[in-house]
Amino acid sequence: MIAEDLKISSLRYSYPGQKPILQDIGLVINSGEKVGLIGPNGAGKTTLFLLITGILKPSAGQITVFEKPVKPGAFNPQVGMIFQHTADQLISPSVHEDIAFGPQNMGLGEQEINKRVKEAATLAGIQHLLERPPHQLSAGEQRLVALCGILAMQPRLLIMDEPTSDLDIRYRRRLIGILSHMEDKTLLIASHDLEFILETCSRVILLESSAICADGSPAEVMGNKTLMEKHGLEVPHSLSVSWHKHRKTIKKPGH
Amino acid sequence: MIAEDLKISSLRYSYPGQKPILQDIGLVINSGEKVGLIGPNGAGKTTLFLLITGILKPSAGQITVFEKPVKPGAFNPQVGMIFQHTADQLISPSVHEDIAFGPQNMGLGEQEINKRVKEAATLAGIQHLLERPPHQLSAGEQRLVALCGILAMQPRLLIMDEPTSDLDIRYRRRLIGILSHMEDKTLLIASHDLEFILETCSRVILLESSAICADGSPAEVMGNKTLMEKHGLEVPHSLSVSWHKHRKTIKKPGH
Amino acid sequence: MIDKGYINKTAAQSILGRWEARLKLPGLMLLIFTFAFIRDLRLLPFLVLAAALTYSFSGLSLKHLIKRMRMPGFFLVAIALILPFWSGQTILWQLGPLALRLEGLLALLVITVKFFSILILVIALFGTTTLPQMAIALRAIRIPWLITDLLLFTYRYIYQLLSDLNRMRIAARLRGFRANSFNAIKPLAFITGTMLVSSHNQSERVFQAMTLRGYGNTKQPLPIFSPIPADFILLAVYILLSALLILFQFII
Amino acid sequence: MHLPDGIITAPAIIGGYAAAAGITAFSMYKIKKQHINPRNIIPRAALLTAAFFAASLIHIPIPPVSVHLVLSGLMGVMLGWFSFPAIIVGLLLQAVMFQHGGLTTLGINACIMGVPAILAYYIFYIRKKSGQKKPLTHALLAFGASFIAVVLGALMAALLIIFATPAYLDAAAERNAVIALSIAHLPVAIIEGVFTAIVVLFLLKVKPALLECDGQ
């Protein structure tokens, strides 16, 4: 049986004193799946992520991660999240210390921490930045540092909120390259950059008006013109034009 | 003869104590042209805009706007600029006051100011937001408010720095719609969103390693695979796939 | 800790730069306080000498010192205007009601020398110590975590907020705003308010991101304290120097 | 209103540090009572401290001169008991980054700014006691809190200059000096009061939660 990394059932959430943002959400994500989350501004994508990570507490419903219910406020190093505003995530005076921040809080030993920092930095190709202060780096470099800070905790579920905003095409490509090497991790990515979702994900979920409106393969969901336009979205160019081209673009269609 | 709205000759700029960011830049933009500025992170796009608006002073060379040399530090209401981080531009406690801020500083009368605020808000379709504090609006709404704040000053040259970052597809469309109605204004837009440039601009300039590497129609510049890949860019999908489709997409090919 | 959080290479490699911060901070602070307690005119040359020698151990250039030298502020200028004319009995020179007095003039000399000597020490201390090293040293001398954590986080955001503020002012300028009359107070207050609101929103996101990486899960241990003998020798030198100065000032 | 290094006598320096340490300890006690987990508000207090630091570089023009803001009143209003540690950190950073202020006088300067800030907090707090929600009440209290904070700070600084420096003047001259220094600060106090009132009105409209930083 495939492990259910994330299971959400009849989830409801509203910010204090407001109408519900999420209503009756049900969702199962299996181990190793790469899932893209799309939907307009304000659909509740970020809110859903904050619920999954236990930062917010559901108004109703259950969320289980790795078969254990999420405890609001508790620290779970197996779930890593990269925020939309990466700069908020970088708090230490040097890149090295910043990547080490998570492992330190996990109570790991000095040696293990250094090993993890090195590994993560090598994977992202930022070894040469380790001694620099993170807030002096460019937007693209900062995003890679934030990613390393999470990877060093060796999470099994990796959540990314709008990872490509502000990135130029070079860094966007590099990010796609790094993500496509993460066979063993479960990915959950929210983005307005549909081409990016198309290149990194094997499943797409469309969130709008507080509910999940569609869930399926990228071609099924994002290639469906009626569905996309109904929700204020557009079929990505590479899907609308040639289906064959797209089959080639997706890295692991068999997932 | 067509009026030259912007003329730059042998412009050089370096931030104090650093290598030149811009070197020997020469450029003429005619009245009514819609120009897209592309190039990787750190190419100097924002720096060029700050020079044109007179915020920075060139290390060498001339910039003339509407046939008058730019005076560093002087205020020219005919040139409007919308910043990449829109939030920096919104400082008043209500949208109405914020849009009125520029006209007030121009010394206009109360009645004229209110008229301009209304007109701008109607054009952008945000009349219903006039009494709200701008800081509570969504990213898309904030960008429209910033645009209105500039439009209310009735500039002839409109400069936008990365106008689509953080916007969902609906607001992006809406912005394209608004911009395509500005026949009388000269537009200068920097963006990593090449599809957006393709839909709004009739001329594209590629900036990299402190120089202008290409200048021509969108199809010529962005459709040139060798050129684009040499500068770490990619040919937009809608150009790479079908040239005919693209001809239809551009609003005013005759410009 | 020079602008932007870097200390330059030669400063980091200098005698002061390599001195373990947990001993350097107490050592130099002791000397700074000793300077503040000095009143004896005869000791002034030694203050200048000690400050100059310490600075020469810092690997910082004379140019750096001159750039960092601040002109004395409002209060010092006020005192410089009051002291020589109103303090003391020995009149050196008189013009109408205005009398230049010896005691006041000497007191002003003491103040000025102390001010600049301390300033030189401060520039040497902070020019060779990064803020994170400072925070560790402060924690080691039992300054409450509230202050040290606050210090580190505040420092982390200062440059960002300064550049945010700068961008906001540029944006306002492009919309014709000129801070040239008292009316400017309203937009300036709005800009400040905007900065406070956006900082607050950001702080919420920062806190969430930190929580997810286990902030508060374990107590951050102090890095291992591994001084070499030279660290203690330097400390001893500064203790001795301070002790001698105090001895001369208060006993002899 | 920062007293520099070198002019203050030894007992005042020691007294300043002792007082600052005592007030910090008491602030921590108050903060711990108001917040269940004080560590959780460090990021917020730090960002606001940094924002105040940046804002203190703003100059308000009153032609032909311009004055720069003290902000002790606004800090008290927004940070409550957190304003005292925040002011210590702000002063320390100013000394570190710009060599501005003074290191031996840090304790004294913290008291000169911090005690008025806490007073401002309690003055502004009256709005809760009276249950008034009107913007005008907020504006008046903010003005008053900030005005008094500046005047009190100037008064403390003047007294210290007279009694804790080697300036030995006769009694009448001392009294005149104190009065002169305080009066010289009146325009600053008015500007500071107006500024704080506008900021408070702004926050009331845009993000009222920011005026509730005391967790009550």
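Which chain is which? They are A, B, C and D, in the order written, and residues in each are numbered from 1.
Basically, a contact is a pair of C-beta atoms (placed from the backbone, for glycine too) under 8 Å apart; a residue touches a chain by one contact, two chains touch by 3 or more.
Here the structure is a predicted model, which means the values were calculated and not measured.
Of the two interfaces, A-C and C-D, the higher number of touching C-beta pairs belongs to C-D. Remark: chain B and chain C have CA centroids separated by 43 Å (rounded to whole angstrom). Per-chain Cα centroids separate chain C from chain D by 19 Å.
In chain C, the residues that reach two or more other chains under the touch definition are 131, 152-153, 156, 160, 164, 190-191, 193-194, 197, 202, 206, 210, 215-216. Each of the following residues of chain B touches two or more other chains: 93, 135.
Residues of chain D found to touch two or more other chains are 202, 206-207. The list of touching chain pairs reads A-B, A-C, B-C, B-D, C-D. On the chain C side of its complex with chain B, the touching residues are 164, 167-168, 170-178, 187, 190-191, 193-194, 197-198. Chain C meets chain A in the complex at residues 4-6, 130-132, 152-153, 156, 159-160, 202, 205-206, 208-218, 220. Contact residues of chain A toward chain B in the complex are 40-42, 138-140, 162, 165-171, 173, 192, 195, 232-234, 236-238, 241-242, 245. Residue ranges on chain D touching chain C, taken from their complex, read 2-8, 10, 13, 24-25, 28, 31, 37-40, 42-51, 53-55, 57-63, 66, 78, 85-86, 88-90, 92-93, 95-100, 102-104, 157, 161, 165-169, 173, 177, 181, 191, 194-195, 198-199, 202-203, 206-207, 210. Looking at the complex, you find that chain C touches chain D at residues 1, 3, 29, 32-33, 35-37, 39, 68-70, 72-73, 75-76, 78-79, 82-83, 86-88, 107, 110-119, 122-123, 126, 131, 134, 144, 146-147, 149-158, 160-162, 164-165, 179-182, 184-186, 188-197, 199-200, 202-204, 206-207, 210, 215-216.
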